[in-house]
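Chain IDs A, B and C follow the sequence of writing; residue 1 opens each chain.
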Amino acid sequence: MSAAAPAPRVRHADRAALGVLAGLVLAALLAPWLAPHGPTDQLDIVGLASQPPSARFWLGTDAVSRDVLSRVLHGARVSLAVGAFGTLVALVLGAGIGLVAGWSGGRTDALLMGLVDTGLAVPRVLLVLAVVAVTGGLGTGGLVLLLGATGWFGIARLVRGQVRSLRTRAFVEAARTMGAPVPWIVRHHLLPHLATPLLVAATLGMGQMMLLEAGVSFLGVGVRPPAASWGNMIADGRATLATAPWVSLFPGLAIVGSVLALTVISEGMRRRLDPRETA
Amino acid sequence: MTPLLAVEGLTKRHRTPRGPVGCVDLSFTLDAGRTLAVVGPSGAGKTTLARVLLRLERPDAGRVMFDGRDWLALEGAALRAARPAMQAVFQDTSGALDPRTRVADALLEPLRIHGRVTEGEAPARVAAMLAEVGLDAALAARHPHELSGGQRQRVGIARALALGPRLLICDEPVSALDAVARDQVLAVLGALRRARGLAVLLIAHDAALVAREADAILALGPDGRVRPPASR
Amino acid sequence: MRRALRAAALLLAVATLAFAAIHAAPGAPFQPADGRALDPVAAAGLRARFALDAPLPVQYARWLAAAVQGDLGESFSRQRPVRDVLAAALPHSLLLAAAALLVDLLVGIALGAWQAAHAGSRGDRVLSAFTMSVQAVPVFWLGLVLVLVFAQWWHWLPVGGATDPVTHDLLTAAGRWLDRLRHLALPALTLGLAGAAGTARFVRGAMRDAWHEDHVRTARAMGVPERTILLRHVLRDAWLPLATLVGLAIPGLIGGAVLVETVFSWPGIGRVATDAILARDHPLVVGTALVSAAAVVLGGLVGDLLAAWADPRVRRSA
């Protein structure tokens, strides 16, 4: 029917999103060469503080005369890396726990899914804050682990559902009658079927992960200054919001762009998987 | 001579919205090289019987002696090591093969699980297995959905025979196939059964098919119990 | 009934976990901020005063017994009973949450319903892109942008706080109401809009599904006007998943509130929680954790009750 009309638009959006994401990743990788200044260089704390965007400072400078563009570029490394590795941790945990729950069934399943329901019901920001309160501050590595450890619930539920239905498929039962051990079945018959839905979920999850990182960094318990992450840059700029709004605005735009790109890519993949959904 | 398979008092009931289904107090024996047909209406527990024997479900009660062992007592690695002696051919020809696995890998899977094939000899093994069920070696590179139902079922038979079982459990092996494919599959199955001296537990609802293939018939009633043999 | 028991069990679990986690933490309370060691005698005195010298299980048992009676101990950092701190903050949080939920549902349902009725149109596509974009915006950054525009540039609304610290007490009753509303507007808008994007996407989907239900098709085939169909049939079908959505929105609302309360210096539970964590104020942390958990549990319950009310079939299984 009308499915033909919107289709090219969708592909444009997908391509644009891929382009944005590729650009951000490149910017993050090449930050030390692209950035005109170091991320923590205070250029001239008297003469060059809070400069508005100009030909010399494309995105302006902050209250202590650091170049915002350089900080956004270096912040991309931290924010994207935390998002990507945090997602990886969540993926491994979620897939592992979902597999165990879905395959075992019974009491193990009920217990693990109870845990998942509880985890999904508690706001993640609070979970992260609580752990930070317990550990008394984390390095970036610890933050990645923590974000992953609070981000696997949804993935576990997804995997568990898929495994429950795959488990009763005849080819999995056939493998059992052949005497295949469980790891064999997981590797040859479950993971290949889980790969695509997991990729879709992970792409969307990475966006959520980046939003969360920004949030906890904004509260001062995530990535610690002077290291630049987009979240703590926004917090930095808060004090001078009235006089130098660009310090907070640009890192925020960077977050919106990345998360939006990831969302669009995820949606595009999902739509390709599920051809029923056209409108 | 002790029978290859001896089932005693086997009971397994499932609750369904339309009332309980499954088999009740089932006892029978099957000698090596013989074919036993299990017939009965749906809900009589034919498939349940097959699944219990294949150790896909636990029975509520009963004993199974197979190949001289207490079959239901085997667990873990011992069970996996013993499974090659009893293999299965499934009704759903497309469901029984992983849609993402090529024919060659599907055929090699049982051998690889038990470490019975090296990658060097794999192509030759696949070709031999395909030839045994009358299929072209070129099918090895195909995915299951690129095959006809009859071809898929013959791949399923070749895979089930790869581990050299003594008993083959065939759950409605041809009921999903058209007449031509059915005759081909049955011919292949019959020839291999005779050549290898296989015992077969043939589950079917088609009495004509059963009369041609089976040495003995076990008829289940709708209540899941054995019906006394009708005079023939 | 079973749900209530589960809720109580969840609360107890959260309380126990929070208590255990906080006491397992490195670092001690009463640590002077400048890093000097605290005089040991003074430290012992403080510990005795706050009953921290007893063994942990004893502390836990005492704490639990007191907590059941509503006594959550005394906040280290504020030197006031935790109950009083929470009681002072809770109304602010409830006010913000209620206002935000109102914005969330009003805007979300209106957008979603309009989109469902005009599915596939240019406006629908633009709105879809818009709601997806809003979901990509960090809620605290949205708050800052709104502050920048409405408070810093246009001076329409205050920057933060729940009331004007100087003039509030001098105002007339009506003036105080207005003052409160003006302070509430931006945080509620921030939190509400962030949620509304998700609500709109959800409502659009639910209504599109309802559109294809048999009785809706039948009604249309019989010539019932589109407007009547939309209001009488489609919205009612979409109401059931929406009831669930309200329950699901609660955790997001609470999580978002932590950030939004910080942006707007809003004196609610979220702000208290953040401050307590940064100050290592153990009793207060546990107290805020309990209140948040209770809110989450209650939110889920409210969602279930709404769903049961909307659909009698659910009532039995609930």
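Note that a contact is a pair of C-beta atoms (placed from the backbone, for glycine too) under 8 Å apart; a residue touches a chain by one contact, two chains touch by 3 or more.
These numbers come from a predicted model, not from an experiment.
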Tell me the shape of the graph of touching chains, choosing from line, ring, star, complete and other. line
Nearest chain to the global Cα centroid? A
Can you tell me which chain lies farthest from chain B, using the average of the Cα atoms as each chain's centre? C
The pair of chains with the most residue-pair contacts is A-C
Measuring from the mean C-alpha position of chain A to the mean C-alpha position of chain C, what distance in angstrom results? 23
Expressed in whole Å, how far the mean CA point of chain B lies from that of chain C is 57
Between chain A and chain B, tell me the centre distance in angstrom, where each centre is the average of that chain's C-alpha atoms. 48
Per the contact definition, I'd like the list of chain B residues that touch chain A in the complex. 54-56, 79-84, 86-88, 90, 92, 95-101, 109-110, 113-114, 159, 163
Using the touch definition up top, name the residues of chain A that touch chain B in the complex. 169-171, 173-181, 184, 188-189, 192-193
The answer for chain C against chain A in the complex is residues 10, 13-14, 18, 21-22, 24-27, 119-120, 125, 129, 132-133, 135-141, 144-145, 147-148, 152, 208, 251-252, 254-256, 258-259, 262-263, 273-274, 276-278, 280, 285, 289, 292-293, 296-297, 300
Within their complex, chain A touches chain C through residues 2, 6, 9, 13, 118, 120-126, 129-136, 207, 211, 214-215, 218-221, 231, 234, 238, 241-242, 245, 248-249, 252, 255-257, 259-260, 263-264, 267, 279
